[in-house]
Every structure is written in structure tokens, then in C-alpha cells.
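Each chain gets a letter, A, B, C and D, in the order it is written, and its residues are counted from 1.
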Amino acid sequence: MDISTVIAGTRFDNPVFLASGIVDETLKSVERAIKSGAGAAVTKSIGKDERPGYAPPIISELPTGMINAVGLANPGIDDFIDEFRTSKLKEKIVVSIFGKDSEEFLELAKRVQEVGFKTVELNLSCPHVKGYGSEVGEDPDLVEEIITELKNKTNLKVWAKLTPNVTHIVDIAKAAEGADALVLINTVKAIGVNIWARKFSLTNGIGGYSGPGIKPIALRAVYDVYRETGKEIIGVGGITSYEDAIEFILLGAKAVQVGTAIYYKDFQIFNEISQGIINYLEKEGFENLQEIIGLMVR
Amino acid sequence: MDISTVIAGTRFDNPVFLASGIVDETLKSVERAIKSGAGAAVTKSIGKDERPGYAPPIISELPTGMINAVGLANPGIDDFIDEFRTSKLKEKIVVSIFGKDSEEFLELAKRVQEVGFKTVELNLSCPHVKGYGSEVGEDPDLVEEIITELKNKTNLKVWAKLTPNVTHIVDIAKAAEGADALVLINTVKAIGVNIWARKFSLTNGIGGYSGPGIKPIALRAVYDVYRETGKEIIGVGGITSYEDAIEFILLGAKAVQVGTAIYYKDFQIFNEISQGIINYLEKEGFENLQEIIGLMVR
Amino acid sequence: MKFSEIASAKKIGKDFFELSFSIDSEVKPGQFLMIWVPGVKEIPMSVSNLKNPITISFKAIGETTRKLSTMREGQRIFYRGPYGNTFPEPKGRAAYVAGGTGIASLLPLIRIHPGDVYYGLRTAEDIVYGEIVNFVSTDDGTLGFKGNVVDLFIKEDKEYDEVFVCGPEPMMKYFHDKIDRRKYGKIYYSLERLMKCGVGICDSCSINGFRVCKDGTVFEHEQLDMMDEFGTVRRAESGRRIFLK
Amino acid sequence: MKFSEIASAKKIGKDFFELSFSIDSEVKPGQFLMIWVPGVKEIPMSVSNLKNPITISFKAIGETTRKLSTMREGQRIFYRGPYGNTFPEPKGRAAYVAGGTGIASLLPLIRIHPGDVYYGLRTAEDIVYGEIVNFVSTDDGTLGFKGNVVDLFIKEDKEYDEVFVCGPEPMMKYFHDKIDRRKYGKIYYSLERLMKCGVGICDSCSINGFRVCKDGTVFEHEQLDMMDEFGTVRRAESGRRIFLK
């Protein structure tokens, strides 16, 4: 059964990718995800300068998922490049970058391109760091400018990862029209409270909500954006099983990313989902993955 | 232990209310909630004209909550008034109304006031009906106009129920400054998919997500709005236990509403939460509910 | 929402059908499922045979039931539940009083604990499950007693320890108001109302604050005494009251 | 995040403390908890006594551990876990080789299956759990062997079926590289790295793609053979590599 998928002209063996920020700070972990069956792996988001991130607790487990405020911890682009340049799996590694404006994004993208990566994912959506992520990604003009700049001045494929924390995600998606693909969604702004300590569960207070609890929200984003823009979409948010993945695919996602599920099922999640998709396609009488992409919307 | 709470000058015996839209279409059910221990009960949202709502399935159960698209089914204000006018519990019944503009809201509010109700809740937030709810409530100017109109032309206490499906809920909260209290939050826009039928789980496709899965989102809304506006707030979204209720109260909510939890725990939820709050206050050495309202934000 | 494959599909009478399929939870007498026909609607259906493959028995009266009636072995049927409370198991002489499709909800109990079965129909050709029926009435007199099943029951004038009633609400109301309460031990009614959610949150099935889907469907005679909306007020899909008679 | 009330708080050595509290899950030898001190930080801590009330044993070295050291009986302690894999139970002659606070993670095993305990310290006054230690070394020679515990272990030159090692990574690296592998059956190391999440998703504790918190903390000698970052590259909080030596 052929479950390969083509995103912006690039073919991936299977449509189950590792999401940015989950076991992907170090090269060896990223490669481990790929060797464990991920069709591609997105790195932790990298910025210009080193950031230690927030003090732990940086995650808080919930009955319905998890909230995190890692705080864009990253070694800075120099050390990142130094560590990742040696990889032989560059075709399957997508580098996530974050910046405060088009200049920063462009600078980062060029560095990434220089050492041979083919695709960047733009973090326009991290909800818990001032001046970055969703603060950039909720501004359609800025989104458009960043993408135009990167498409004009690099040869990279550009995936734009959008935030659900906006009134009309379709407006942002339209601003991101120039991107090769859209990644939907990043975490949902949220808070956890510990009533016995009477403190926030996370050091940073505000965090990003991920896991099963955000799946219905992510599905809505994928559906609305696919229906309204027809763009190539990678679905992410709360996927922990092949059934979840297929829900996204039926609504138009050409691939999915898996983050928090690593916490529930570890690296085997990739093969588990791929195998599940194969079984589903067989059982339901489809010839290949293509047949069900966007089936419920077309 | 005193767990009474005062909202916009009105005293309620306890801070656990029934949320709009859950077993509150008929007068006798609303009264049952109050007799079961709810400090107050908000009716299903009522509009000018009768609406049958969407065809079932109107709800879909999820592991993390529920999505619904009831479609603002309601008998219309005439039949509503006719049924509810006789109630002896009017002080504890808050009438939820929805309209497409300030004129409709005003007309409804006047009818409600005429028969002796003291408080209306404005549905500025239902996410699944065109032209109503969140389509009104995401427009700050319209929100402000509606509230100004009602405050100028009626003597009702006005609670404004806001939608989380916006980029900056604080902006909407500021537009709603004229309201006596803010109710945060209504359901989150969402979709459910059935991969075995390859159809949406709900007849309407798009629905509103409620239950435990939205609690972290609701907490964030309450915290942001309380911190930025200091308004009187009623917290709602995913509350199924006294611990949940206390999380909202610590972040500034003077009361909470309970909806989907009726599905999990039925009418006993009201007394269960009230009793849990009493035990908590005793155990933690507080004198009354007031002491913990907003404790983590002050 | 779960699904199962239809194990058998039968026509058992005029416009009357049975579908059997296996489900993954235990069902008790009187409980119902919400059956979803994708693209059409979701509707409540009593379980008329509790053991896997369980059975639903229905009359094709509208779009959903008509679509269900065309379904065949091997096709998928979507459901959730079982929901609702249950009939208690009878201990003594039992009577079962059914009108129309109401027979479906009584069938499991009739099989567990046989008793006198009274069945009211509009006309002879509506008969189903004839083999278990002891007393039959038709509105037009084409089969059995001419008249309604309540009058038939009263005419037979037997004594029972437990009576179980299920049918259209007007028939149950008539039964409730007409019979001589003292002649019987316990009397249970399984009510049917417009249902949207099936799980007690939408309030569309409520009678005097009792949700038929959740507090019922089974109510005792004395509970109905206190429900002034029983048989007098039903609700439109909007929740608007429709006053009967 | 759970919490418990502190059952006892003891100072057991210079800057060294024990806190005991009951937790609601079983802990296995080598596992750790994430301990949260509200307003300060969340840090990993080995469980040094597995039976309720379980114990953590720690040195006050920074803000969190210092705050923990001021906590008293009856106060709330917040934790999650236990996390990490576990030491297998030894079957033959066992040696335990600890450096500094590394003793904490070995204590449960030492109690279950006594063996030779080698303990390396900086100086005499750092000694804790002296009653269970067989061979001690100090960097300054104020107690026992002068030098590090690895050299002490090699000097003693005994044969063991199982060796368990826990201490600072440089010490474990030195042990790993220096000892004559063929003299021992299995050798297990419990690693310590900067941990943020404790559950395998943040990657901050990873060595060559192995997460100390989730794939470890316990690794076998041969696994470490393949980790070229072990003892040579550690990670800053940012994930930046810090090359050792």
C-alpha cells in the first residue's frame, strides 16, 4: 500500500512526521525519530541567539493533554548549524525557525539553506514568548512579508506554521498564501493552576496546550483553511492514533505531525500510525493515501 | 462556611450556576437545577423567533469533552415568556438571549424585564449559527453598542458571555466594559469526524467544544480578562469538580457555571461542587469564599 | 459513536423491519440506542432483543427509518448507547400492554418473564410478533377487539402484580387515567418523546423536569401522577409547547 | 502534579538532607521523581528509600535544594513520577560505586541486595550513610583512600557479577573507560543530566539520542560504548553543546 505523500513537490515515504519541539533539540534524537519511522522530522524552533528557555516546570500533564512553556529554549543558529550540518538525513529534516521580523527569519533561513537543508518551517505560532511566535503570526501583514521575503531570497520550501489563537485563521492562511505548505496548528494558549500550591502549574504561567484536547480545534482549522484556500496542509494537534491521523487527512491534510503523543506512546507512534493508515486503506478499499486526502471536502 | 457570592450587587447563596443550553429549555428543568443546588441557572438562549435547531446528531461525545451544534433551537420569545413568566424563582433564573443586532437584543431584554426577571445573559458567543453568537461577539463595536443600549434602556443586570474564538479576548472584554459581569467562556469552535462513515460527527459539521478539554483555555481567558480589566467574572468551561471551580475562582471568577458536567455527573454536580468548595476553604484555613476570589492575581 | 456490521436484516410486517447487529456493551430491558444514519439523522430506537447480535425493530415512518429499512447484511450501522433506565424484572403475574412500535421495548421482558401480552394496532395488516400476543385490538376491528388496547385491557379485567406499558403517549395517558389503579401491583410506562441528545443535556425530551432519555424512559405510575405535562403538552423541535387536545 | 505531606525532615550530613513522604505509586530501584518547589523550580530527585514514606536524599547546592532543605514535617511537597527505567535486581556478588549524591539512587538496591559499597567524596566531612559503606575515598585524603573512587575500586581489584555505578558524569566516564571490563558480569550506570520535562519529550537530557529520563536513567556498560557524547558533551539549558575537557 502506497502511503507516500508529496508536499510542495517533495515526496515523503509516509505522512507521519515529528512535530517541532518534541525530542528534537539534538540531532541524534531527530535522526532517531526518522529511523523509528517518521516520514520527516521538524527540529525544535531555532532563533538567532541562544535562549535558555523558562525554568522548570515547563510542562504540566492534564487529563486531556499537556500544557508547556518551554520558552523557545534553543542553542542559537550557530551552534545548531554546527551540530546539524553533518546529518546525512537532511532531506527528511525540516528546520523550524523563529524570528521577530522578516529580517531575522531571512537570516536564519539563509544559514539553514547554506548547509544543505531543503525545507524550513516558520514558527509563526508559539503562544508563550513575547515578541515571537503567535505575536508575529497573528499579524497578516507581517506573515505575508516574511514569507514573500523567504520565497524571493532563498530556494527553500517554506512551511508556515500557524496559530489557532486568532479570530479567523483563514485570514492568516490567506496572508500565508505564498508559503509552499501550511502547518496547522500550533498549541492553544492556556493556563494550568495548582490549587494546593495556589500557583500556576508552569513557571511561565501562560503555556501552550497540546495533545488530545486540542484535536477538535485543529480539525476545524484544517477544514476551514483547506476549504477556503485549497492550500497544501500538514495537520497537527492531538494526534495519538491512526484514526486521528485519518480524520485530518479526510479534511485535507497531506500529512500529519505528531508531538505530545510521543509522551503517551514514544517513538513507536510513527510506525503504529503508518501501519494503521495502511490497514484502514486496505479495509476500506482504497488504492493509496492520495484517494482519501480531502475526501470529505472535495 | 459562607460561600455566597455577590455579582453586580446581586447575592447568590453559592457560586455554582447552571450554564446556558444544558437542560434548561423547559422551566421545570431550570427549576430542578436550582432545587438541586445551583446558585443560579441560566436558560437556554432565546431569540425573537422560533428555531427548530439542527437535526440530530447535535452532540458528539469525545474522550476530552463534547462538541455540540444544537443550532440555537428555541421556542421564540413569545412562547418562552408564556412558559417562564409563572416561575417563583425568577431571582435565580438568568435569561440568556441572542440577537443579530442591538435592536433585537433590546427587544428581547425588554420582554424579559417586563415579566420580572432581573438579569439577562447576552449570548455573544455561540460558534455555530450564522449571523448570531460569536459572529456578533467578535466585533467589539457591536458588542459595545448592544451593551450600551441595554444598560441605557432597561434596568436589567447584564452579563455578557464572550467567545474564546478571538485573537484578543481582552479587547472584546474592554468593549463589554459596560456590562455588569462577563461570562467566560462559550464553547470553542471545533469539528468532529467519523472516519468509518467519512462524515462529520454533527449534522452541522462545525460545532462548539465543551467539557474538560476546554478548561485550560477558559482559565487563560478568565486570567487575562481579570488581570487586564478587573471586571466581575463568571467562569465557565470544562468544570466538572470542585477543584476545577476553585482554579477559576483563584484566577478571579466570582462564580462558575457548569454545563457539560451534567452529562458526567447529573444534577448532583451542584451540591458536589459547593460542598467541595466548603471543604477546601476549611482545610486550607480560609474564612469564606471571598478570600480566595482572584487570590492568585491580586 | 460506535459501529457494527448488520448481521441480519428482515422485513417482519407491513413497513416493519428488524435489524440485528452485535454491540460491545450489555443492554438491559427497556434501554435504547441512538442510531445514526450518516447523511440523514440520528434517532432513538429500543433494543428488542438484548443478546448479541441485538435487534432493533422499527416501522418505516420517516426518512431515517425508511433509510434503515433499506439496509442489508454486512452494511455498517452506527450507534451510541445503550441509554436510559430499565424495567425492573417482574416477580409475579405480568401484563404487557403495547401500542404500535411500543412492542419493541417490551419484547426483551416478555421473553425473560412471560405474561399476558396486549397489543393494540390500527388495522390487521399491522400485526407483528403475533405469536407472542395474547390479546389484540385494532382500531378498525379487522383483528381481535375493535377499539383501543386500553379498553381491551380493561374489558379483560384480569389482576396483575406488574403491568408494563409502552406505546404512543396519548395511549399511555389514556391507560394511566382510565384503569383502576388498585387492581394492579406496580405499573411501569416506557415513554417516548422527541429526543435530540439522548443523554440528558438538551432538555428536548423533558416532561415536568424529568428527562425521558435519562430519568426514564421507564417511569412508575405514581411518578406520572405528578407530571401535569404527561399527555397534555408535547414539545416541538424548538422546545415550543404544543398543547394536546 | 501530586502532593504529599512531609512525614519527616532530617539533616544527615554537611548540607545533606533527607525528606520522607508517602506517595501513591510504587517506585522501583533507580527511579526518580520530579520535585516541584512552587515559586522556585522543579528538579529531578532519586528515591533513596522505596517504601512509604519514601525518602529523597539530597545535597543543598542551589536554590531549589536549599529551599527543600528548609522544609519541615507537615509541609506540602509536590511531585510527579516516578519516572525512568530501573536497575535490575542483582543475582550474584554486587558492587555499588557511588560518587557524591549518586549514593541516593543506589541505596534501595544496596538495602535489597547487600554488596560492597564504594563511596567517593571530596572530603571527610561530606560523609553520609557511613554505616553501609565498605570502601571510601576522598579527593583530599581526609577519609579512606586518597583519590577518586574509581581508582579505589580498581585498586581493590575484586570480582563482581554485577556492578552499579552512580555519580557525576565525569566520574562515570572515567569508570567506564578505566576498568577492566572482562572482570565483571554486568555493569549498570545511572546517569544524571540536566532535566526539564522528565518524561522524554524536551530532549534536554539526551545523549546520542538516548533520553536519560526515559530510556534511562539506567544504561548498561555496552550501551555507553556507543554514546560518543557520554562524558564528552553536555548540554546547556538552551541545548547548546558544551564540550568537556
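Just so it is clear, a residue touches a chain if its C-beta (ideal position, glycine included) is under 8 Å from a C-beta of that chain, and two chains touch if they have at least 3 such contacts.
Since we're looking at a predicted model, the values are computed, not measured.
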item: Far-end chain from chain D, centres as C-alpha averages; value: C
item: Whole-Å gap between the CA centroids of chain A and chain B; value: 33
item: Centre-to-centre distance between chain D and chain C (centres being mean Cα positions), rounded to whole Å; value: 67
item: Computed distance of Cα centres, chain C from chain A, in Å; value: 51
item: Between chain A and chain D, centroid-to-centroid distance (C-alpha), Å; value: 36
item: Overlap residues in chain A, where contacts from two or more other chains coincide; value: 199
item: For chain D, residues contacting two or more additional chains; value: none
item: Graph class of chain-chain contacts, one of line, ring, star, complete, other; value: line
item: Chain pairs that touch, as defined at the top of this document; value: A-B, A-D, B-C
item: Residues of chain B touching chain C in the complex; value: 22-26, 28-29, 31-32, 44, 50-53, 55-61, 70, 73-76, 79, 82-83, 194, 196-197, 199, 201, 203, 259-260, 262-263, 266
item: Residue ranges of chain D in contact with chain A within the complex; value: 1, 3, 34, 36, 38-39, 41-43, 76, 78, 80, 195-197, 199-204, 206, 208-209, 211, 214, 229, 235-241
item: Chain B-facing residues of chain A, complex; value: 62-65, 67, 138, 165-167, 188-193, 195, 198-200, 205-206, 209, 212-217, 219-220, 223, 243, 246-247, 250-251, 280, 295-296
